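Following are the structures in question.
You will see two complexes here that share chain A, one where it goes with chain B and one where it goes with chain C.
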Partner chain A sequence: MKFRAKIVDLACLNHFTRVSNMIAKLAKTCTLRISPEKLNFILSDKLASGGVSMWCELEQENIFSEFQMEGVSAENNAIYLELTSENLSRALKTAQNARALKIKLTNKQFPCLTVSVELQLSSSSSSRIVTHDIPIKVIPRRLWKDLQEPSVPNSDVSIYLPALKTMKSVVEKMKNISNQLVIEANLNGELNLKIETELVCVTTHFKDLGNPLLPSESVSQSRHPEDMAEVHIDIRKLLQFLAGQQVTPTKAVCNIVSNRTVHFDLLLEDVSLQYFIPALS
Partner chain B sequence: MPLLTQRVQDEDEQYCLVASLDNVRNLSTVLKAIHFKEHAACFATKNGLKVTVENAKCVQANAFIQAEVFQEFIIREESVTFRINLTILLDCLSIFGSSPTPGTLTALRMCYQGDGHPLMLFLEEGGVVTVCKINTQEPEETLDFDFCSTNVMNKIILQSEGLREAFSELDMTSDVLQITVSPDKPYFRLSTFGNAGSAHLDYPKDSDLIEAFHCNETQVNRYKLSLLKPSTKALALSCKVSIRTDNRGFLSLQYMIRNEDGQICFVEYYCCPDEDVPES
Partner chain C sequence: MSYPAQSFLSVFRSLAMVEKTVEKCCISLSSSNSHLVVQLHCKYGVKKTHNLSFQDCESLQAVFNPALCPHLLRAPARVLADAVLSFPPALTEVTLGIGHGRRVILRSYQEEADSTNKVMVTETSIGEEDFLQLHAPEGTAVTFCLKEFRGLLSFAESANLPLTVHFDVPGRPVIFTIEDSLLDSHFVLATLLEQNPCSQDLCSPSPRQPMPQKQAHSIPHLDDFTNDDIDCYMIAMETTVGSEGSRAQPSTSLPPVSQPSHDLAPASEEEEEAEPSTVPGTPPPKKFRSLFFGSILDPVHSTQDPSPVLAEDSDGEG
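This part shows the complex of A and B:
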């Protein structure tokens, strides 16, 4: 098992930092999957702890100038690591304006992801190296099956999301009032966020959002455009997802499977993020 | 939002109170200044809206929003009163965010049908509409402090910045704030008696911060600091404050607040004195 990679371009470095900051906001611990082409940040929560799952994918060649890896075996050419997401984002914080950044899989008494940052000192031509050893757990081959790319269920309604900033401030206020939220949408470009308690009902209506075209044999074809598909979810999970979004996505879609799950599908430049929040039972 | 407007117009007749604002912050800011208890009583008359919050039967805060502040203010009865959860009302009013984003305003339309009905709020920002239905209760009797201007003994009007500084430096380990007003030195004195000793802060009568100083007789009164503390919310927003005491030692603090459109609103705090000051 081997992994070493290098970033020299400042834009790529900032991009990678943004991604890791987002992951740190979305998941406390996550799995990093390294394969020859791609990096994935994976979260697959147990149902008891909320059942949220996340699949974030980026092409290694868009970030790294050098990338070498050797998986557990030739036919299973991948590495799965578990790490505390904040450790990675904290390590990258020192890498702002760095000349170069290297990431390496090491074994220093315990297995580590070693991040070394080469800093350029403004006053002289000399440089400093800052090294972070992030403790990791290597996930054995037999557990990989729990960490597969989640299949996207056939959704009842698929809709483009409104400005995430507006959504976030609305959900933030709603969280003060209720623990549960209903997210509902139809094929007429309308999405509602609703809370209901003994004291108050609040509904925020978004409209003219547009619906992505669906594959022809999809269930939704027979759906009345005004019909709402709804899911009751834990409001904190939704807020956590929204709070993690620092950059405006190039594409943001919400897929609703009635009373089962809501699936957010975001494209942030060349990084894709999928986030699943299950329905409350 | 043509659909919403149309529906609202159809239903307009059934409401005894309809009020609209182009900028919801002109209401929410003033309400925040009296938000030290969960519940508030609302009184509407043709002059506008008064919202009252009380604590411990010792302190009362009133926020006045005159009818002119609203773009539309329709009332079909002599007066309309109800009790509401202020915390929830404020969360709803600031649903699109608490801090203002330049160039965007949240518009509000507020409707009330009468006893037993919820307060309806329609908020709109950038084409997104939020509808809130907040349950109301029958109003409880509010305290009458019987604070009558003919009984006012002493009155000082000063610029809020002068008091802001003083309040931010008050020794909070003191139980009370003692206010001394006298025609001679020290004129206007704020005192605290805390763990680390006593502190006195004097304002000379001719200070630039003091706009008016009327003193009929020397008064020394103590007020529970914990009861006065919430008034700093109003103080922070205000430009001027009028401090008055009556012959019983009751305190009235009137804050003049200028909203984002330059209109004036008032927030008033009444507080009863803590105890008789021992003769010295």
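This part shows the complex of A and C:
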């Protein structure tokens, strides 16, 4: 098993750092899957995360100038590692003005992902090297089946999201009133966030959001455009997802499977993020 | 006399205000009621008087002499301050030493007891060119408290003065000096006493391998960055589907990490700041292993007797 990669372009480095910061906010521990074409950050431990799952994918050639990997075997040419997300984002934070960054799979006292940063500081004539050894756990192949790309469910409603920052500030305030939130949307470009308690009901309405075009055989064809599809979810999970979004996404879609799942499908430049929040039972 | 530093600091809390409005500052001792009187004479006839109470205490004389330390390095404070930025704020101890190629290395230090809960290790390597003076051989290293180090670094940086580090073998204190025409300050920190330095070498078959030549494998990150061809890809995995076993089994070809059977020092508080004292006592010895400089030091040198103590444990101050 082998992995080494290098980033020399500052813009790519910043992009990768932003992705890593986002992952650190979304999942304390996550799985990093390394394959010849892609890197994935995966959260699939349904028990630990309370049913939330995440699949983040980026094309390695958009980030790395050099990339070599050898998986577990020829037929299974991938590497699955478990790591604490914050370690990676912390390591990348020290690379803000780096000339080059290298990531390697190493074995120091324990298996590590070693991040080496070469910095050129104005205060020094020579380059400074900062190395971080991030402890990792290699995930054995028999567990890989639980870490595959989730299948996109047949949603009842698919809608473009409003500004995530706005959603976040709304949900943040709502969290003080209730632990449960209802997210509902229809094919008329309307999305509502609702909380209900004995004393008060609060609803925030978003209009004119637009709905992505649906495939013609979709179940939703027969759906009345005004009908709302709704899911009751844990408000903290929604807030955690929104808090992780520091950048305005290129595209943000919300798919709702009535009373089952909310599926967020975001595109951040070339990085795709899918986040699933299950309905409260 | 001694008094809480916070009280004294609170007099000068707002530096901007002090610079703008204070014309004169008088510090005197009021013998009548045991107060230190700090009077700020400000603009427009305003006078602010602060009475700080103090306690008499023993006259303390720290026993240390930078000239006795064989190793020295000197750099603008900025160089070292930049280096410690990459460490997490919560990190308690850091190891400073000279590595391969005469580079100065600062590395986060983890106690052996934490090895089950694996923590990220961060290391910064600084080229010799950034130092005004460097008189220390490769392989020397000492470990001390990072928090205190950060504090004295920010002082040196704000005063825009170079910092000199005098050190010796692990266990002997490290002395940081900052001086100019107006002030002469010495910060003395205790360092950790070294334990068996070579027991952590994964690459040698036997746990005791004193020669540094075989250490190249354990210090790959000190290699020249641009020629980095040494990779350690030694994580072997179970490759058969459906095999039982624990989540990640290391290959049996790897030598097991040798667990030394040394007693770790009881969890007594680490002596972080050498307090001057006239009564010699014995500091709680805290053992650690030198992990990455290779075993430059002959294991025989790890002293069994505690070195003569220069200062006693500080009393529990507020």
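Throughout what follows, the second predicted complex is superposed on the first by the 275 of 281 C-alpha atoms of A that agree within 3 Å, B and C clash if a C-alpha of one lies under 4 Å from a C-alpha of the other, contacts with A are read in each partner's own complex, and residues count from 1 in each chain.
What we mean here is this: contacts are C-beta pairs under 8 Å (C-beta built on N, C-alpha and C of every residue); 3 or more make two chains touch, one makes a residue touch a chain.
Here the structure is a predicted model, which is why all the values come from computation and not from measurement.
Trainee: Taking the superposition as given, does A:Lys173 touch the first partner, chain B, the second, chain C, both, or neither?
Mentor: first
Trainee: When the two structures are laid over each other on chain A, which of chain B and chain C touches more residues of chain A?
Mentor: It is C that touches the greater number of chain A residues.
Trainee: According to the stated criteria, A:Cys254 is in contact with first (chain B), second (chain C), both, or neither; which is it?
Mentor: In the superposition, A:Cys254 touches no partner, neither chain B nor chain C.
Trainee: Just to be sure I read the superposition right, which of the two partners does A:Cys201 touch: chain B = first, chain C = second, or both, or neither?
Mentor: first
Trainee: Just checking: does A:Leu187 make contact with chain B only, chain C only, both, or neither of them? Give me first, second, both or neither.
Mentor: So A:Leu187 meets neither chain B nor chain C here.
Trainee: Applying the touch criterion given at the start, work out whether A:Pro162 contacts chain B, chain C, both or neither, answering first, second, both or neither.
Mentor: first
Trainee: Figure out whether A:Val271 sits in contact with chain B (first) or chain C (second), or with both, or with neither.
Mentor: A:Val271 contacts neither chain B nor chain C.
Trainee: Shared contact residues on chain A for chain B and chain C?
Mentor: After superposing on chain A, no chain A residue contacts both chain B and chain C.
Trainee: Name, in rising order, each residue of chain B that touches chain A in their complex.
Mentor: 85, 87-88, 91-92, 94-98, 118, 125-135
Trainee: Considering only the defined contacts, which chain A positions touch chain B in the complex?
Mentor: 162, 166, 169-170, 173-174, 176-177, 198-208
Trainee: So in the complex, which bits of chain A are touching chain C?
Mentor: The contact residues of chain A facing chain C are 1-4, 72-73, 76, 84, 87, 90-91, 94, 100, 102, 104-111, 114, 116, 118, 121, 123-135, 137-143.
Trainee: Which residues of chain C touch chain A in their complex?
Mentor: 76, 78-79, 82-83, 85-86, 88, 103, 115, 118-127, 129-130, 200, 202, 218, 220-221, 225, 228, 231-239, 241-243, 245, 247-250, 254, 257, 291
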